[in-house]
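Both complexes below contain chain A, partnered by chain B and then by chain C.
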Partner chain A sequence: MTWQLAFLATLDGLAYAALVFMVAVGLTLIFGVLRILNVAHGSFYAIGAYLAASLGIAIAAGGLSPWLTFPALILAAVLVGTILGTLIERALLRYVYLKEDVLQLLVTFAVFMILEDVQRLVWGVNPYFEAVPLRLLGNISLGGIFYTNYQILVLPAVALLILVGLRLFLRTTLAGKLITAVTEDREMATAIGVDTGRVYLITFVIGATLAALGGALASPTTSLVPGMGADMIVLSFAVVATAGLGQVEGAALAALLIGLGRSFAVYLMPELEVLVPYLVMALVLLVRPEGLFGVAQRRRI
Partner chain B sequence: MLTVEALTVEIAGVQVLRGVGFTLAPGATLALVGRNGAGKTTTLRALMGLVPVADGRLTLDGRPLGAVAPHDRPGLGIGYAPEDRRLFSAFTVEENIRLPAEVVRLAEHEIKARLDAVYEVLPELGALAGRPAGSVSGGQGKMVALGRALMIGTRLVLLDEPFQGLAPALAQRYAEALSRLRRVRPDIALLVTESNPALLANLTEDGLLIERGEVAPRRLKDIMEDA
Partner chain C sequence: MAGRLNAQALLAVAAVVLIAAAPLMAQWVKVLLTIALAKGLAVLGIMILLRAGQVSFGHAMFYAASAYAGAFVGRWTGGGELFVLIGAGLAVSLALGLAIGVFVVRYRYIFFAMLNLAFSMVLFSILEKFFHVTGGSDGMRIARPTVLGMELERAPFEYVMFYLTLGLVVGLAWGVRRYLASPLGQALAAVKSNETRLEYLGMSARHALLVGYVLSAGLAGLGGVLASITQGLATPEIAYWVRSGEFVFIAILGGAGTVAGAFAGAVVYEGVRSYAAAYFADIWQMVLGAVLLAIILFAPGGLVGLAERLTGRRLRGGSADPAVAADQARVGER
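Our next item is the complex of A and B:
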């Protein structure tokens, strides 16, 4: 492997890790508070991507400035996160918070299956490709390698912004403190006056929005096809398990590990590409069963 | 002020409390004394709405507590310090103490005033204020949990086995803090559980003996003599 290829693989890995992080951090945030592993999380990613592409196409059809596709990416994420997120939490999840894990998994899995079909109904099965934001920003030459500004600057920058912003939000705002408190001890949070039902809803909407944002930002870089949500949710599970459930910074590091591992595999041993994320996960979990940053769960009897 | 009538609580089909009844006047201090498993913790948890009540009536100032959601009860002026402290380790000691007041959205000047009052009762918390809550010792944690309960408990404060696991020196300081609290805020009603009645002898004469989920009012002195 030449250094140029290694450099290219690093850039690929960074761009990919940024997207995976956005989805995985939403998943881990939701798990931390609701204690539900949300299988439907991949649908938020996919629908965020499709909606962003549709908005982009509508902007072009309407003859509007192509720069409007950037706010459209964010709009798509917020729409999917708030509308779909609120609907699913209020109509389904809040009835299963105290039920067994298996039932919760089945409910979110059912939601995932339904949303997969909804997605096919609305957008069909033919690939969508809408890369206006990618083209607008042009390319950059780094040591003889051409790379898109969008993937090398925008994606990692947004991921970093989310990481720092989420940390600040959880640490300094009242809503963030309540989320942190409920994550640590739901019952004691109630005993000091926290309305956990509201915290659950807010957390779910934030998590869903982050996943949809991952999808929206991914849409200019890839063809949108049915099944993309399933791929992403499986990968996010690997990231979240590697990081330790409920860990925000851990999710960033694990996404980076898995993103880089995967992109190097693409250049070195392409046949291993799909396997690498799980190899990384398995290796980490062999050494630290609770994940890189996870804390061993206390069992409450 | 606080009235508990025929309170019955079942956990997994087993009656843990059977027809518990007592009243607590403003400023009164009541010691709920009994062995482990007698139902002391469950009584407090029922008042906070953390366990479902099978039967009975709880009222605060004539208002039925059953109609108040658990998360709205602290807002009525009820502070609760559980036996195992349950501090939020992601926050500092002072953030833990402030949190209940922030949750009910008190104005900043009111939070400051209450914080000062807490430090007046528990001066040693001042030195711990900036420490991560996860780093303080178990005994110090009990003090922090008391401070957190006082922050919101302007009417009623529930303390679950506050002396459990405290080293003698710390237990002494905790008892002093409770006497200071009685002096500074004589209007707050205190409900304290304890398995060893002697630890509360300086605080009150009124006891409530709990055995297998049933209570009987007894003078603390008599409980000690029987034991």
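Our next item is the complex of A and C:
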């Protein structure tokens, strides 16, 4: 492997890790507060991507400025996050908070099955490809390697913005502090009068929006096919499990680890590409069953 | 107790006789029923894990690994012998179950479910990517094997597969009931309700779960190899998460945690699917998801629970509905 290939793999890995991080951090945030692993998270990602592509196509068809595709990406994410997120949390999840863990998992799995078909009904099974934002920003030359500005500047910048923004939000704003309080000790938070119902809803919508944003931002870089949601939920779970459930900063590191591992595998051993995230996860979990930054849970006797 | 047991046994015998006689009345149902019963075996595997409160979103990997093992042995031995194919499938799924089980039984709930899913995705992509070995997404054809050295025509072979599967189902259903009633099987329920207490009693929760896991892998594998020999084909699609989800779905549909429910669910599911899937081809998963939600929210006992409610009779042994009891316990805890 020449250094140029290694460099290219690093850039690929960075761009990929940025996207995976957005989805994974939403998943881990929701888990931290609701204690539910949202399997439907992969659907938010996929639907966000499809909606962004559709908006992009509509903008082109309407003869509007192609630069409008950038706000369209954000708009797609916010629409999916608020509408789908609110709907699912209010109409479904809040009725199962007291049920067994297995049933909670199955409920989100059922939602996932439903959304997979919704997505297939609305957008069909043919691949979508809509790369206007990618082309608009052009390429950059780094040490003789050409790379798209979108992937090397925009994606990592947005991921970093989310990481810092989320940290500030959780540490300094009232809503963020309430979310942190519920994550730390739900019973205590309820006892001192925190409206957990609202905290759950807000958290779920934020998490869903982050997943949809990951999808929307991914849409210019890849062709959209059915099944992308299933791949993403497993991958982002691998990231979240590697980091430790509920760990925001850890998710960033784990996403980098898995993103880089995967992109190097693409160049070195292409057959193993899909295996790398799971190998990383398996290795980490063998040594640290709670994940890299997870804390062991108290055992109830 | 004796009266209830007799009623249960009677019902089970009646169901088996009814299924055994079905192909004599309508030829075409035998393949459908064979597949349904084979899937029922996989569902029985899921059910064992549900007893321990764990759900696997990846059991299709054992179903598929065993099917491919049968296909490879068939290819190497030029058609092969039915029982060798089945034996190979079973052996591979048990071995894989042990290898993966040692790893996953350290985890519970979400981790358990998702790690199984991750492993099955790995197997799925291996089956699909290594085209030159596995035939990629086209899968592998399984030629009709000989049965104890005899070459059979299609129709008699299908009868053999049907009655063999039915026989295995009856034997294994009985065996699993015995297993669940044994201390090792009872330990599974303890893993669900309170693992720490189980360990204070001097039993290893991991060990109990590992035994259950390997057993469930073997059951899924047996189902996989039986179904794919009957269909004459093994494709990567059977390792896909959709298939694993289907098993979990059937287990919940039948009634989580009951042996009878696993097969009742499988037969009803396959029956409905063979009619309805044609009309609902595009929204089949949506229908499944909606029914799954409806069962979880409104009929947690599944088909067995509904039958109990209708007949006003408890069809299964053991304590009151564990799901309800656990719910109440959790309300108290929180």
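Assume the second predicted complex is superposed on the first by the 298 of 301 C-alpha atoms of A that agree within 3 Å, B and C clash if a C-alpha of one lies under 4 Å from a C-alpha of the other, contacts with A are read in each partner's own complex, and residues count from 1 in each chain.
By our rule, contacts are C-beta pairs under 8 Å (C-beta built on N, C-alpha and C of every residue); 3 or more make two chains touch, one makes a residue touch a chain.
As the structure is a prediction and not an experimental result, all values here were calculated from the model.
If you count the residues of chain A touched by chain B and by chain C, you find the higher number for C. By the touch criterion defined above, A:234 reaches chain C but does not reach chain B. In the overlay built on the shared chain, the residue A:282 is in contact with chain C alone; chain B does not reach it. In the overlay built on the shared chain, the residue A:10 is in contact with neither chain B nor chain C. In the superposition on chain A, contact of A:82 is made with neither chain B nor chain C.
Of the two partner chains, both chain B and chain C are touched by A:187.
By the document's definition of touching, neither partner reaches A:222: not chain B, not chain C. When both complexes are overlaid on chain A, the residue A:95 reaches chain C alone and has no touch with chain B.
In the superposition on chain A, A:113 contacts chain C only, with no contact to chain B. When the two complexes are laid over each other on chain A, chain A has residues 187 in contact with both chain B and chain C. Chain C meets chain A in the complex at residues 50, 53-55, 57, 103, 106-107, 109-111, 113-115, 117-119, 121-122, 125, 129-130, 194-197, 200, 241, 245, 248, 252, 282-286, 288-290, 292-293, 296-297, 300, 323, 326-327, 330-331, 334. Chain B contributes residues 48-50, 69-75, 80, 82, 86, 88-91, 95, 99-100, 102-104, 148, 152 to its touches with chain A in the complex.
Listed in rising order, the residues of chain A touching chain C in the complex are 31, 37, 92, 95-96, 98-103, 105-107, 109-114, 116-118, 120-121, 186-187, 230-231, 234, 237-238, 241, 245, 271, 274-275, 278, 281-282, 285-286, 289, 299-301. Interface residues of chain A, counted against chain B in their complex, comprise 174, 177-178, 180-181, 183-185, 187-188, 190-196.
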